[in-house]
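The structures come next, written out as structure tokens.
In the two complexes below, subunit A is the common chain; its partner is subunit B in one and subunit C in the other.
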Partner chain A sequence: MNIRAYKPLIPMIAVYGVLITIALTVDGMWQPVAYFMFYIALGQAFNIFLGLTGYVDFGYVAFMGLGAYGMGLAIKNFGHLGLIALPIGIFLAVIMSMLLSLAVGAVALRLRGAYFAIATIGVNEGFRYLVEGVRLWGGTEGMILSGFMRKTYGREMTNFFSTFLSDVLVILIAFSAAVVTIAILNKKMGYALLALREDEDAAKVMGINVTKYKIMAFITSAGFAGLIGATAWTLKLTYIFPEDVFNISYTVEAIVIVMLGGAGTLLGPMFGGLIYGIMKYYLSVIFPGIQLLILAPILIAIVVVFPEGLIGYIRKKARDTRLSEYLR
Partner chain B sequence: MRGKWNLLIVGLFVLSLLVTGCAQQEQKPEATPTPEKKAPEEKPEKKVETMYFGAPISLTGKYSKEGQMSLWGMQVAAKWINDVYGGLKVGDKVYKVEIKYYDDQSNKEVVQSMIERLAVQDGVKFILAPYSSGLTLAAAPIAEKYGVLMNSHGGASDYIFEQGYYYVVQTLSPASKYQTGFLDMIKKVDPNAKRVAMIYKDTEFSRAVFNAAREYAEANGFEVVFDKTYPKDVQDLSPILNELKAANPDIIIGGGHFADGQLLTQQLAELKINVKAISILVAPALPKYYDALGTKAEGICAPAQWEVGVTYGPEAAKKLGMDYFGPTQDEFLVLFKEISGSDEKPSYHAAEGAAAVLSYAYAIEKAQSLDPEKVREAMNDIEFMTLYGVWKIDPETGKQIGHEMVIIQWQGGTKKIIWPEAAANADPYYPIPTWEEKDQGKLAKH
Partner chain C sequence: MLFVRDLESGYGEMQVLWGINLEVNEKTVTTILGPNGSGKTTTLRSIFGLNRPWRGVVEFDRIDVTYMPPHAKVEIGITLVLEGRHLFPSMSVEENLRLGAYTRRAEEKMDDSIDLVYSLFPRLKERREQKAGTLSGGEQQMLAIGRALMTAPKLILMDEPSQGLAPKLVAEVFETVERLREEGLTILLVEQNVYASLEISDYAYVLGDGKVVLEGTVDEIRDSEEVKKAYVGI
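Then we have the complex of A and B:
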């Protein structure tokens, strides 16, 4: 293993360190930091697919929703076994979202560009209607787990899940997604994806099995989405409504975060998520009600000035300097 | 090519943000007028301090309309407490009330950080819960962690109060009571009308309403002869309505939201399904319902949490032997106009928000303490009336049990309140005219 290739994780660890320190030492900052981390995790997970392949998946939130249901089902059915329900939930979340992504990917990833985007919107909406229409997993009434969890695990423990454990897990997920990203970038798969992102036909001619690599990236990304749904939603909020967990706005936010930071970079989603989260949070604190009017021009400005994202821009500027080793 | 895609996507996103933002702006040029504080007449022996009630408000996102209304309602109540009532007297101190609010963007992730911010950084002890049941549930664990009280003014679902959150109390009527008042009324007006048909939208909220209505109907000697849901984006109800017609009901209860409620009425008329009374969720309570349907809307009823024109007031309270607290309806309307800066009439969301603030104020004075635990305890024993109606909670769960839904009925082109009797300003028109009679211009007017 080439240790030097993992150098870009150093600035990431530094940023995480600062965030966690703030969260633990400043009163009332734990939830806001958890909120930023949710966006970072979302960006980091989505980047594995969007960033590396250049395909836009508008149905991404479906994997998060499915992950949320995986955890919900585990708590409901295995809650009586005690805490073991949580690892089961994590496992279910990953398996369910990966299976769906395999099914979707096998079909939709043969489409390109706008056709792929449209097909994936259909998956998300279709899945929501399936859950609601056949009254799967509670149908429109969803799953309300608070009371059950409080009875099974006790009040203190459930609050610990909601207000601490779930947040820690989201941080771990974000970090693991980053490690996976850099591992992919350093492997043959990374080069194959890079090639297909730039020119899919050329890559094909070169003998790269493009569909295989696309599906691999898709499944990995979906698995992380499932994990985020399981922890940041089910475990933290203790309820699941289909309307909430299949809400397309999360997909759009994920796209914006990845674009802001720089698609296909390692550090991009972290900075994108951080900037997006911080702006959304503080603007709504300082200018409640009109924050979107301020947020929108800022986002436009960033995208116009840095078309390759913040990290993409900095990398370009720092090319051939020692700094470039730490940027990816 | 990819760059263009990216730009397009981000552009679209930004555009959607702008659109929501602008929609917001339109309604609220002076969205957040901090009400000018006229210093209450200083009584030299009492120290005046400011107490904050915290509120995550949905000023943007899907609940923005409701959120803005409830915020205005809260600000009206705070202004009344400060300027008219003279502040809250606790011990030898007088407290002015101010609403500290942030925009939660109707978003479950944001709500949690907002609650923490209010509880920790702002030191707020009394929180007005976010709008909607989901957001209230998302906020509950954080509120409990910091031991702050949370008063729900927009979370109607019963299940919030079945999860064992002692510090969450409710001001509005729970979903389970939405259609029960109508059944009570029918029982009183026509004990022979027994056959009930239920036709409602497949959403979490409507299901909660009609599950409870079914139980209540059966317990009260009604016979539920028809019980079906329709999907969210329904375009045509005639297949189910034909089935409903065959069940030959005396009364119909149903609905879900605006569009489907209007469609339901329209198609009941087309299929000439005549019954003695109809109560539909949400749609008939909005003025545009009558605009769209004209005389077809005559006689149709709807449950509402509150309505301008209810006769709750000091006299009604006296009759029931309880205190009246807060502005009268007339005072409320004047203050509301002043604070909102618009001619818009307050919706029930505003009254709910105001009632939640008033209930905190009333309970704090009763408890003579600012300790959330003591206030929560005091809430167990209080029963009083505001312009919004009676406020009394179930001590164990915090669920609202005093407040009653009002029933409105379209009579001769105006919305009349016909139930409960304490709030009514007209008698029920029963049975309603048939569709054929309505076509000929007959109104449901006495």
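Then we have the complex of A and C:
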């Protein structure tokens, strides 16, 4: 393994360090930082698919939703066994979201570009109506776990889950997704994905098995989405409603974050998630009610000025300087 | 080396190839001619697997490769130079070439392949650091051929390599094809440029409406009434 190729993780660790320090030392900053970290994790996870392959999955939130249900089912069915229910929930979240992505990917990833995007919208909506329609996992009434969790784990432990543990897990998930991203970028798979993102036919004539790499990136990305759903939603909120966890707006936010920071870069989703999270949070504090009206033009302006995303732009400027070793 | 029997294929509901039969011998240049829409490109794409064959057989070195996916074909020594070059414009010449040596077999031969490409195209060597998108049309076509060579192929399928090039560069591309044959490669060429491509070919097929309407040695094709009629208009 070439350690030097992992240098871009250094600025990432520095930013995480600053954020965690602020969260722990400044009063009342833990929750806002956790909120930003959710968006960073979302961007980092989605980037593994959208950024590395160039394919847009409009049904991405379905994997988060399934992950949320995976954790919910584990707590409900294995809660009586004690804390072991949490690792079971993590496991279920990953397995369920990966299985769905394998099924969707095996069919839809044979479609190109816009056709794939359209096909995936159906997956998310279809899943939501399945849950609501056949009253799967509580149907429209969802899963409300707070009472059960307080009874099983005690009030203090439940509070610890939702105000601390879930946030720490989200940070770990975001960081793990970033490590996986740079590992892929540094491996041969990174070149294969680069080639297929730029020109799929060219990748094929070079001997790259494009379907395999698309599916691998899709499953990896979906697994991380499942983890985010399990922790940032079920464990933190202690309830699951299908209209929340299959809400397409999270997919749109994920796309915005990845584009904002720089698709296919390592650091892009972190800066994209941070900028998006900070703006959304503070705009809603300063201009409650009209925050989106202000946010949207700002986002459009950023994307117009930096079409390759923030990190894409900085990387271009820093080309052939020593700084470029730390940017990816 | 390559046998194609009764190959049928198309796009969606529309059938384009209605039973193509052709044969390519080792270390030769074989050309497929024909008017626009006669199925030349579709033939190459179906042989390579970018289009799925509907019916028929494709054999390479006596192995049935009809339904073998493109990446596996590259592994056994077939590659395709796509119409319109399909380079990675923001990467340098050398990056394009190195990325071309993707399969394990090609990677092992990477240094030899790069030497071969640079000896065939000294101009690419001069411009190795330059971005592919900034090359001239002729140089881009050389790079596309060079990248195909990086896969360490035995058989190269080439789709209209002279397309959009100035006459002088067209001649250069065809000279290159001849050099490739001298290097021991086998080439199946699709061309619009009838007389220039016949100059360097050993055997030729003429397609019309998705079928082979004529085949023969270069002299036979050149003198045939059909080709004169189709291309010269007399």
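One rule holds in what follows: the second predicted complex is superposed on the first by the 328 of 328 C-alpha atoms of A that agree within 3 Å, B and C clash if a C-alpha of one lies under 4 Å from a C-alpha of the other, contacts with A are read in each partner's own complex, and residues count from 1 in each chain.
To be clear about the criterion, a contact is a pair of C-beta atoms (placed from the backbone, for glycine too) under 8 Å apart; a residue touches a chain by one contact, two chains touch by 3 or more.
From a predicted model like this one, the values you see are computed outputs, not experimental measurements.
**Q** Looking at the overlay on subunit A, is there a clash between subunit B and subunit C, or do the two fit?
**A** Result for subunit B and subunit C: fit.
**Q** Between subunit B (first) and subunit C (second), which does A:296 come into contact with in this model arrangement: first, second, both, or neither?
**A** After superposing on A, A:296 lies in contact with subunit B but is clear of subunit C.
**Q** Contact-wise, after the overlay, does A:275 reach subunit B, subunit C, both or neither (first, second, both, neither)?
**A** In the superposed model, A:275 contacts neither subunit B nor subunit C.
**Q** For subunit A, which side has the bigger count of touched residues, subunit B or subunit C?
**A** B
**Q** Using the touch definition from the top, say if A:109 reaches subunit B (first), subunit C (second), both or neither.
**A** It touches nothing on subunit B or subunit C.
**Q** Just subunit B (first), just subunit C (second), both, or neither: which does A:201 touch?
**A** After superposition on chain A, A:201 lies in contact with subunit C alone.
**Q** Contact-wise, after the overlay, does A:191 reach subunit B, subunit C, both or neither (first, second, both, neither)?
**A** second
**Q** If you take every C-alpha pair with one atom in subunit B and one in subunit C, what is the shortest distance in Å after superposing?
**A** Minimum C-alpha separation, subunit B to subunit C: 13 Å.
**Q** Given the complex with subunit A, which residues does subunit C contribute to the contact?
**A** Of all residues in subunit C, those touching subunit A are 48, 50, 69-72, 74-75, 79-82, 86-88, 99-100, 102-103, 106, 147-148, 150-151.
**Q** So in the complex, the part of subunit A that touches subunit B is made up of which residues?
**A** Contacts found on subunit A: 27-28, 30-32, 34-35, 38, 54, 56, 113, 132-133, 139-142, 144, 146-147, 150-151, 155, 158-159, 162-163, 197, 232-233, 236-239, 241, 243-244, 252, 255-256, 259, 263, 280-281, 284-285, 288-293, 295-296, 299-300, 303, 307.
**Q** Could you list, by residue number, the parts of subunit B that touch subunit A in their complex?
**A** Against subunit A, the touching part of subunit B is residues 2-3, 5-7, 9-11, 13-14, 16-18, 20-22, 24-25, 28, 31-32, 57, 59-60, 68, 101-105, 108-110, 112-117, 119-121, 134, 137-138, 140-142, 144-145, 159, 162-165, 202-204, 207-208, 231-232.
**Q** Tell me, which parts of subunit A touch subunit C in their complex?
**A** 188, 191-192, 194-195, 198-199, 201-202, 204-211
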